[in-house]
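Please read through the structure below; I'll follow up with questions.
Order of writing sets the chain letters: A, B, C, D, E and F. Residues in each chain are counted from 1.
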Amino acid sequence: MEHPDERFERGLKALQHISGETDPTVVSSLADIAPDLGRYIAEFAYGDVYSGPALEPRDRQLVTLGALAALGNAAPQLRFHINGALNAGCTRAEIVEALTQIAVYAGFPAAINAIGHARAVFDERDAEA
Amino acid sequence: MEHPDERFERGLKALQHISGETDPTVVSSLADIAPDLGRYIAEFAYGDVYSGPALEPRDRQLVTLGALAALGNAAPQLRFHINGALNAGCTRAEIVEALTQIAVYAGFPAAINAIGHARAVFDERDAEA
Amino acid sequence: MEHPDERFERGLKALQHISGETDPTVVSSLADIAPDLGRYIAEFAYGDVYSGPALEPRDRQLVTLGALAALGNAAPQLRFHINGALNAGCTRAEIVEALTQIAVYAGFPAAINAIGHARAVFDERDAEA
Amino acid sequence: MEHPDERFERGLKALQHISGETDPTVVSSLADIAPDLGRYIAEFAYGDVYSGPALEPRDRQLVTLGALAALGNAAPQLRFHINGALNAGCTRAEIVEALTQIAVYAGFPAAINAIGHARAVFDERDAEA
Amino acid sequence: MEHPDERFERGLKALQHISGETDPTVVSSLADIAPDLGRYIAEFAYGDVYSGPALEPRDRQLVTLGALAALGNAAPQLRFHINGALNAGCTRAEIVEALTQIAVYAGFPAAINAIGHARAVFDERDAEA
Amino acid sequence: MEHPDERFERGLKALQHISGETDPTVVSSLADIAPDLGRYIAEFAYGDVYSGPALEPRDRQLVTLGALAALGNAAPQLRFHINGALNAGCTRAEIVEALTQIAVYAGFPAAINAIGHARAVFDERDAEA
């Protein structure tokens, strides 16, 4: 039976892998105003769901890109997961194709705007390189 | 330079692979009322987008499951692509996990309702087997 | 300065024109459970907004078909306005084309499901004729 | 430091309070196909979030009614929480007014369809009484 | 039988209470381009719906926070109603908890982005104090 | 049987008509990162759908304004089509009324935010004149 803190630690580690950040911003930036929400992200979203063995990390990112691009109302999170998809082994061409495909299921505006976020992430990584 | 009909034929073939249907219903069922829409599905959605080499069929299904489960307003299409994901090589456990993960990005109701559609597809396949 | 009841009467008349119903169901069906909501529909939605001179009735139906088909979560209202669009002078071919066009802006599932509602409305009118 | 099972038990108890069910269907109905999702609902959604002291149960139901009625794509969950709002002390008149108010923020179709679900829940409770 | 102008005046007064503004911006900022829309907001949304006795002002804000946070595409209005909820008697901790709970029904991105708007409103009020 | 390039050329011409741009930005701005998406917009969205004879250009813009204003998550595209509606013969008053009407079907926030985009487009045209 695991200790609650193990969920938090496991989630932080998953977030570090996905984001490449040592101190994942999504958790730390909520610490002052909504610490429970930050804790749930680490414990539940990444410590429970993402850390499960039933789906490969790269597959998880593809599902999430589909969800966030289709919803079209969560820009920071879409950028986070475009970056995460690259870190999980997707190529830029695969991400562009995945977001292009969104045009079929959620319309061209959703696809075009998602591609704009991909461009921003790619540019930022190029600038850092 | 390809002949327009090649796009339609290529799309029909892609739809046959995904759906396992000889005469894909999504196209034939629109023939009497909205033939252009049926033709666009074959030519554009499947003849152009889905037939491109930039993403594997299984990856495409994961992106689409994410999009449709998150939108939560397209039940027949979500069932079509749960079936398509199985035909593209996803296991039932992977599909269940992908839809469970939607709880993180679009809320528990979206995930629960998507799982209900997965159950219906799995049951139908079991009944046919 | 108009009497409040004039707004209700003007809205009922607009609803009668759009729906072809003598006693518009959308108002009467709310009378027992949410009479204020029913009254607001007559007074505000149809007595104020729809009765304004700034847009032709046929134009209003096209805007509404676009909105409801794109949202994809309001089937009874979409059917009401497909019927309303016919009553305002749209042809069946125009409605089918308008809903087909939704594929571009909200994706193919939204368009396909909207066409299904158009089919139901057309069939019902054929059965009544 | 609490034992993980305490989260599950606390969540089940919260679900029993909200739903009036001894064996909450939302968890048990997922046991065969997506047991992790069912467990997350008990542990996280109800054991963590709903059980927190920062908001009264009645307030939580009002927030949830607003969210589900506005989204308009989660009928079973909206019915669950209309029932839950009654169990948490809302009157029928308050629920009808809360759903009517959704017309302002998410449009009349969302409000009208939510009222339809309220009617179904009220009727079912009357039939059981 | 009330005079139409009474609805406008009653709505303005409700808007003043909610927003703390003497000349509610949401109405005045529409005066040059869409005066009817501004008038409808005062007359209908606040003069009719919000001014009704069937639900307490604080309850109304909770429903609206739930709706706007879940939709996730109406940032200015969400900030307006976070401010309105504070003016109607909600504490900051209650608002943070209400928005955290949105993670369960509309996903973590919706909750995280809503918390960002709460932070902006809280900071602005601190700066003014 | 038409040559594929004719679809692209026809789409570009339609985009030029709608936007008033010689080199439509929506296509050219995707050329470096997602050329297939840009090509699909020209070939499919405008070369196939928009160029069809079944609906007048002005009618098409009304449907699209309804869709994009209701979705509320595609600001650049809504501005593009407010401009397009003016180019297709809608008056500013008609556009304002069409977007005002969105309050009825998708709520006041969607309408208010859409009017904000109309103001931006009108101002830009005034500045250019």
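Operating definition for what follows: contacts are C-beta pairs under 8 Å (C-beta built on N, C-alpha and C of every residue); 3 or more make two chains touch, one makes a residue touch a chain.
Just so it is clear, the structure is predicted and the values come from calculations on it, not from any experiment.
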Touching both chain D and chain E (chains): A, B, C, F
Superposing rotation of chain E relative to chain F, computed on C-alpha atoms, to nearest 5°: 120
Chain pair with the higher count of C-beta pairs in contact (B-F, A-E): A-E
Equivalent of A-F within the choices E-F, D-E or A-C, defined by over half of its residue contact pairs recurring: E-F
Same-site or different-site touching of chain B by its copy chain C, using the half cut: different
Chain D and chain F: spacing of chain centres that average the CA atoms, whole Å: 40
Where chain A and chain B are represented by their mean Cα positions, the distance between them in whole Å: 23
Centre-of-Cα separation between chain D and chain B, whole angstrom: 31
Residues of chain C touching at least two other chains: 36, 40, 44-45, 49, 52, 54, 68, 70-71, 73-74, 77, 96-97, 100, 103-106, 108-110
Arrangement of touching chains [line / ring / star / complete / other]: complete
Chain E to chain A touching residues, read off their complex: 71-73, 96-97, 99-100, 103, 107-113, 115, 118-119, 122
Residues of chain B that touch chain C when the two form their complex: 26, 30, 33-34, 36-37, 40-41, 45, 68, 71, 73-74, 76-77
Residue ranges of chain B in contact with chain A within the complex: 44-45, 49-50, 52, 54-55, 59-60, 62-71, 74, 77, 93-94, 96-98, 100-106
Of chain E, residues touching chain B in the complex: 70, 103-110
Residues of chain A touching chain D in the complex: 1-5, 36, 40, 44, 48-49, 52, 54
